[in-house]
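Quick one: the structure is below, questions incoming.
Each chain carries a letter (A, B, C, D and E) given by its place in the written order, and its residues are counted from 1.
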Amino acid sequence: MIGLDIAFWVLAIVGIIAALAVVLLSDVFRAALSLVVCFLAVAGIYITLSADFLAAVQVLIYVGAISVLIILAIMLTREVQRGSPSNRLRIPAFLVAILFLGGMAFAMLNTTWQVSVAPPLEPTTSALAGLLFGEGGFILPVEIAAILLLAAILGAIVLVREK
Amino acid sequence: MPYQLVWLIFLLPFFSFAIISLFFRPFLNHKPKLGGYITIASLTASLGLSVWALMEVMAAPGHELPIPDINWVIIEGGITIHLGLMVDSLTAVMLIVVSLVSLMVQIYSQGYMAGDPGYHRYFAFMSLFTGSMLALVLADNLLFMYVFWEMVGLCSYLLIGFWFHRPAAANAAKKAFIVTRLGDFGFLAAILLLFFNTGTFDIAELHSLAITGALAGTTLTWAAIGIFSGAVGKSAQFPLHTWLPDAMEGPTPVSALIHAATMVAAGVFLVARCYPLFSHSVEALTTVAVIGGFTAIFAATMGLVMTDIKRVLAYSTISQLGYMMLGLGTGGIAIGIFHLFNHAFFKALLFLGAGSVNHATGTFDIREMGGLRKFMPWTYATFVIASLSIVGIWPLSGFWSKEEILASSLGSQPILFYLAMLTVFMTAFYMFRVVFLTFGGKYRGGGSEAHGKPHESPSVMVMPMVVLAVLAVVSGFWNVTGGFGQFLGHGETHSFAQGFFGILTHPLPWLSLILAGLGILLAYAIYSVKWLSAERIGSMFKPLYTLFYRKYWFDELYENVFVGKALVGGLFAGLQVFDTYGVDGAVNGVASATVAGGRAIRKAHTGQLQLYGLFIGIGILAIILCLYFFG
Amino acid sequence: MAVGLEHYLILSAVLFSIGLYGALAKRNAIIILMCIELMLNAVNIAMVAFSRYIVPLLLTGQVFVIFIMVVAAAEAAVGLAIIISIYRSRETIDATKIDLMKW
Amino acid sequence: MDFNYLTTIIFLPLAGAIIVAFVPNLHHKVIKWISAIFTFVPLALSIYLFAIFDRSVGAIQFEEKLSWIPTINAHYHLGVDGLSLPLVILMTFLGFLVVLISWKIDLRPREYFAWLLLLETSILGVFCSLDLLLFFLFWEIEVIPMYFLISIWGTGRKEYSAIKYVVYTLFGSAMMLAGILSLYFATGSLSMVDIAQTGLATFTAVIPVAAIFFLLLTGFAIKLPVFPLHTWLPDAHTDAPTAVSVVLAGALLKMGGYGMIRLCVTIFPQVAQQYAPLLVAFAIVSVLYGAAVTLRQTDLKRLIAYSSISHMGYVLLGIFALGQVSLVGATLQMFSHGIITGLLFAMVGLVMHNAGERDLRKLGGLVRQMPIIAVVFSIAGLGALGLPTTSGFAAEFLVFVGSFTSTVVSGIQVYTILGVLGIVITAGYILWMLQRVFYGPVLEKFNGVKDADILERVYMFAFVAVIMLVGIYPAILTDVIKTGIMPIMGLLGA
Amino acid sequence: MNLELFLPELTLAAFAIIVILLDLVIQRKGWLVVVSLAGVVVAAGFTIIMWGGSSQAIFNNMLAVDNFALFFKLLFLAIAALVILASVDYVSKFTRFQGEYHALVLLSALGMMLMAATAELISIYIALELTSISLYVLVGFLKDPKSTEASLKYLLLGAVASAVLLFGMALVFGFTGKTQLGEIAQAIQALSLSGVLASPGLILGIVLMIAGFGFKIAAVPFHMWVPDVYEGAPTPITAYLSVASKAAGFAIILRVFYSAFGLPQWLSLDWGMLFAVLAAIGMTLGNVVAIPQTNIKRMLGYSSIAQAGYLMVGLATVGFSPAADIVGRSSLLFFLASYALTNLGAFTAIIAISNKLDSDLIQDYSGMGKRAPLLALALTLCLISLIGLPPAAGFMAKFYIFSGAVQHGLLWLVVIAVINSVISAYYYLRVVKVMWLGEPASEEKVPSSGALRLALSLSCLGVLLLGIIPGYIMKLAEVAAKMFVF
């Protein structure tokens, strides 16, 4: 498992650095690109967790769709040059974030998780398909998600088109 | 006749009041005399019934008539109050005094009040007063006594303030009511105390409880002193005497009836009525005697220097009431009440005389009168008779009762006796000072030019004065035989001649007669023949004169210092400030603090969405921390 | 020490906190939106990790993550639409200047 | 009892209010006549009830009971006993007369009379309810009409006074609500009758019983009002229109005293006994403090308002002396004060309306212009200072006797005597006021001022008649009241 | 699987799509309202038919069909109907997107119905997001600066909140390995935990879920968005937000916390206490800050924060009471129903008035009592109900909800709550005062459409009925509170 361990560390560090870059870079465009890197790192993390299908979806949705959407928006709003400054709340925000991290870390490390020793299910694709669409699976959320997408599309149209 | 008719004695005047107040204003104002006739008719009937009642009482065994009660308020297990009448010798005497004097005064008022726009109001109030006063003396329990006690106070208030457009009258009325109410406060407290300890308001029951000793000790003393404080207020005894001189702002017949003959004597009657309560408490009895004795001389000193004829008479009334108290405190019911009985007639007469004089001259200031003897002989004659009577000249009525008081005080309170003797001298002096200044010498002009020449009053005024003058002479004869005393419960009788002349065999009457004579002489010397200059004597005793003339500064002390500055201006004003800024300020403060809090917290909503987000974060952290520490 | 559940959770927490900081401290509305996506990704990591270590055979966490992704996409779409709409009316997407309504 | 007398009495004014408010195009006169009719019938009915009231038993009569909200065991439960019947009559009486008093209202009469009628319904409801929730519901409804009546038809700082009244009252009822809820969960019942009968000993309360007692008491004390919770009253009175002052002083304040007897004393006899000394002390402070501050007032209405604080102190004294006579006296005092102070406010209203002035420093000599008003005003004033033959005397005397002889509070004699002292101060301010308004030289500026007209004389006479009737023959009421007090005495173990 | 139990939701979804399609073809947009209302009515019909049946769950125990859910579904449908009616004046001013507007209202109602019924974390999340996204759009529907600003604030903060919620769900899921509420409860009990520190992961998860849901119900300190969004949103949507979205939040919290975290006792006491404290802070803050407000919508925003505080008293009661005791839940349901009617009534009146005035400032309401007496009367009634005075529904609602709290030892909270009602009287009555005492700026009457009047009368009627004879609705709430699947 050493390989996975190394992969985790590498991906984790990359992900964190990319995330920090998103927050710290002043160029919006570069920040967006860092976000893509971060998404990719997360996709890698999924693979180390034996979630291959998810990794693929991550790449498709986040890298392929959301990032593109964001970059498009950046272009449309033409705020690239002015950059991405921080507001006056950065110190309290930083404190809150750090304390939040501390609290979560404390909770996570002090909890006895009911860790199962069973090996992960692989490959996941068909199993997921069964879970999502099969009998006794998550058909209800799927249906709701369909309607949700409808609502989102409607909304996006309403909001973006001129009055 | 059935005894229930006694109810009519006081109900008749009430009917008269009701009829006049309901039907005569404003509909029949063009028949001004009618109201007076109704009053007089009802009073005549009352007087007749009173006389009848007196006869019955005299004939009755134990001098008491049984009269059935009416239930007033009954709360089972708590309180039972009956409405009842008590007709015994004391009541019978008082009934006669009240109805007789009242009748005389009403007749007199026919003339005196003629033409006054408040004519009907006057007679309505007078009826109400007489009814209340009669009911007061008839009441068989303390509560009802208190009820009518307050009612006569109300009538006094209304009649003092009869000419309410004069601020002085309105003030005097208010003062009279409040000062007497201060005394009533003690009376009411005593009633409560007695009820608390005995469970009854009934006077007869209280008597027997006091006599058997079931009611004794400090309770009895305090109850008696409480009752006495009511009497002090009503009878204008020191230290609640200040209202009576001011009360002279009322019409003079009112002063004659209420503030000389009857209502102010109600205090004396009250003490007499509750006498067993006093007689079984040495402290209470002594208090009565001391206050009475002191008031007698205290008021007399002020009477020496007053220039308003009615005020002189007012102080004389206070002084005489003090005598009565002294008599009650040292002797007994009969002695005090006998003086009350006599005093009622001659003092009423004096006031009516003063009214007559005023009617003639338009003023009450004796310095502006003089020489009226020629113009109004009837008034003069009756006034002098009354003056002699009050001074205590043998054989006029005042002599008889005053002698008894002096004798009894000598027996038990020698110091008070000397004061009383001194008072005799003063009484003589100030009364004849009035007589000489008013009737002697030359006419000095009167109140206003417009009034014209003085003249004798109409016969409707003179006639009652004559009746009263006769009474002022003869009323004392009742006890020459000791008959009055026996009627009221103690003493033995003897033949008339024995009493009439026998008294002159004792040294005491002579002493007082000499003192009285000296007083008259001094007044004659100063005011009639002017051997001595009033001014010189006045300046000689300047400080004393000022002290008397300013009434020992009691009015100032009460009104300005105590009530004005300390209470209303000081304590109450302080409370008012406290109420506005303390209590209400706290209320408003809480409200404005809430509003201010709202404004302050509102500032947190800056419109910055990330600040809102930050609050979410902080909130979560706070919850986590709380759970960590308290969970 | 072998990489285990805790490692993933800590990673998730770190990413979440970074996202939170960014969401609170950046002026650019699009960056804020990006940071929110970052937070969602952090949650996803935790979900998948739980799924892997607690119920390795059930994949519930992975299903959850799929839905989160769908919602994230929808939210991003609507969010960006709003941002563009705002940009049209005010020529700025600086979150600190979007404060017409306050107090 | 086939006919639902109480329901009819309570809701007729409401019906009138609805008609007045919603029937379009009513002429002013018609509105007033409707109001008069819809208040007169309850008055007549309540007098009829008074006549047929069974005075031989101490029980609830004319009872009506329907299930209302089964979920929380609440009932539509009405009934009157000797305690509440006089207050019902008081309210119906005032309710009818205030319509007459308001006859000259021209500003938005439709709303005015609608609110006035609604107010009557709510107060009557309070006095008749035997269910805690129903009681509280009526208690709360009253706030709304009062708010409108003061803030629209008032004078001076009317909006401030109105909102102060509302917030203060609501604060009190908030405390009361907490108390009622605690009581409800201590006993599981909302029926005043049941709770009083079973007592609280067998239940475990969520909080100490004394705390419930004080929560309820706070609500009532604010309404009564008791020092130091009184400052809403002068403001509300001063700025309210005349008719509202009449109802406010006449009937609203009595809700506090009624509540104290009905709930605090009846349900918590032990606690009441325990804390009676404290409350009696507060009563005396209210009496003396109220009277003292009254003496400093220069505004006619404000003066009367402050005097209410003093007079209601006697009610508190009578209640927490916890004696049979004192409780009867307290109830009688509530009735008596309702009539007397109602009349005082009506007269103040007339003086203000006719003379256009209510500053005591600027009034004077009005007896010439308005003799009838002066006489009636004086009678009311004399009633207020407890003059015998007025109801004020009978009531105050019973309070004094009852308190003085009460055995519950040690040393109550001293308190009572201090309370008696209050009547001296009362005499002071009443006479001073009468003197300032009516006596003294006739003032030029009041030359054209008119006296009372026929309608005004009618209601004045009604007031005076009741004051004298009760004053001369108080047994007419005490015979009824005592049937209401006797069961309470049983609970007090006396 | 019993798909007919899913009929109300399906109907609504179908009608939403029909409305969009219809919008494309018809010219008279008035029909959209009719069709939308028809959808609501049909859905409500199906719901009513199901009422009273035994509790069941469909979709693999993800969707509960119990009376609790049905009660809320009916409530949401009623609200949606009233909002649609109240929107008529508003929407007719749009030139485009009328169909989308109604569709989104229907979709968000659908989301809320699902929120009340879903019993599984994933479905809950999705349902919640369906509601949220629809509402984000509806808030920004006007596309003027205020509306879009409100929308952006709502969306960004909502997204952060849902990220927090998700993290909480993740932790709960991680701790129990389950997402279905009943199973979570079983798992937690099986672990037999002993205290907060024994399972910080679970507690943190619960706290984060409280934060996430708390955002929806405007619980302090997650309430900051409320006034801004309420002010900026189209008024009918503000009404919708203030009642429906909040009610949905409470529905979901009730179900999640009662079903999943109801036991062990210390756990429910913990979150009960947490809600109690949040309630106390929330109502105080909301009421106090409402006092200085000048915009009526903003004021009602703060007021709704305070009302959320009162509602949380009910939640706290649920936490404090034993599982069998229903008074906390039923009183909460009753409060929600009466609050919904009251607030809708108030906002409907505001819509009518603001339409004419073109202003939301309280001072501009001056003299409304003369210009529009019935509207003003209705608004007054609703404000009185919000204060909690009889004879309006708010009184009974407060009485009921506080009675539960007192029963379970929360007297201190009730005292705070009732004092807060007093504070609230101050600012509610200010509006009343302005309307009835102020001088009207003009004599012009205020027109209102029939639909609006209908909505207003229905609300006011409801407010009065619930205030005077609340027995029936209380009974419904009781039945609903009793019938929980999980």
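Keep this in mind: a residue touches a chain if its C-beta (ideal position, glycine included) is under 8 Å from a C-beta of that chain, and two chains touch if they have at least 3 such contacts.
Since we're looking at a predicted model, the values are computed, not measured.
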* Looking at mean CA positions, which chain is nearest the middle of everything shown? -> D
* **More contacts between chains, B-D or A-B** => B-D
* What chain lies farthest away from chain D once each centre is taken as the mean of the Cα atoms? -> A
* Which chain's centre, taken as the mean of its Cα atoms, is farthest from the centre of chain C? -> B
* **Chain centre separation (chain B, chain E; CA means) in Å** => 77
* Structure fact -> Cα centroid separation, chain C vs chain E, in Å, comes to 26
* To do: List the centre-to-centre spacing of chain A and chain E in whole Å, with centres computed as mean CA coordinates.
  => 31
* Between chain C and chain D, what is the gap in Å from one C-alpha centre to the other? -> 64
* Asked: Do you know which chain D residues sit against two or more other chains?
  -> 167
* Structure fact -> Where chain A touches two or more other chains simultaneously, the residues are 87, 89, 92-93, 96-97, 100, 103-104, 108, 113-114, 116, 138, 141, 145, 148, 151-152, 155, 159
* **Touching two or more other chains - residues of chain E** => 122, 126, 129, 133, 136-137, 140, 143, 148, 151-153, 156, 160, 167, 171, 174, 177, 197, 203-204, 227-228, 423, 426
* **Every chain pair in contact, whichever chains are involved** => A-B, A-C, A-E, B-C, B-D, B-E, C-E, D-E
* To do: Note which residues of chain D are touching chain B in the complex, please.
  => 164, 167-168, 227-228, 230-232, 289, 292-293, 295-296, 323-325, 328, 365, 367-368, 382, 387-389, 393-394, 397-398, 400-402, 404-405, 413, 416-417, 420-421, 423-424, 427-428, 431-432, 435, 438-442, 473-475, 478-479, 482, 485-486, 489
* Within the complex, which stretch of chain E touches chain D? -> 330, 384, 387, 389-391, 395-396, 399-400, 402-403, 406-407, 409, 411, 414-415, 418-419, 421-423, 425-426, 429-430, 432-433, 436-437, 469-471, 474-475, 478
* Residues of chain B touching chain E in their complex? -> 591, 594-595, 597-599, 601-602, 604-605, 607, 609, 611-613, 615-616, 618-620, 622-624, 626-628, 631
* Hey, which residues of chain C end up touching chain A in the complex? -> 2-11, 13-22, 24-28, 30-31, 33-35, 37-38, 41, 44-45, 48-57, 59-60, 62-63, 65-67, 69-78, 80-85, 87, 92-93, 95-96
* **chain C contact footprint on chain E (complex, rising order)** => 121-122, 125-126, 129, 133, 136-137, 140, 143-146, 148-153, 155-156, 159-160, 162-163, 166-167, 169-171, 173-174, 177-179, 227-228, 231-232, 298
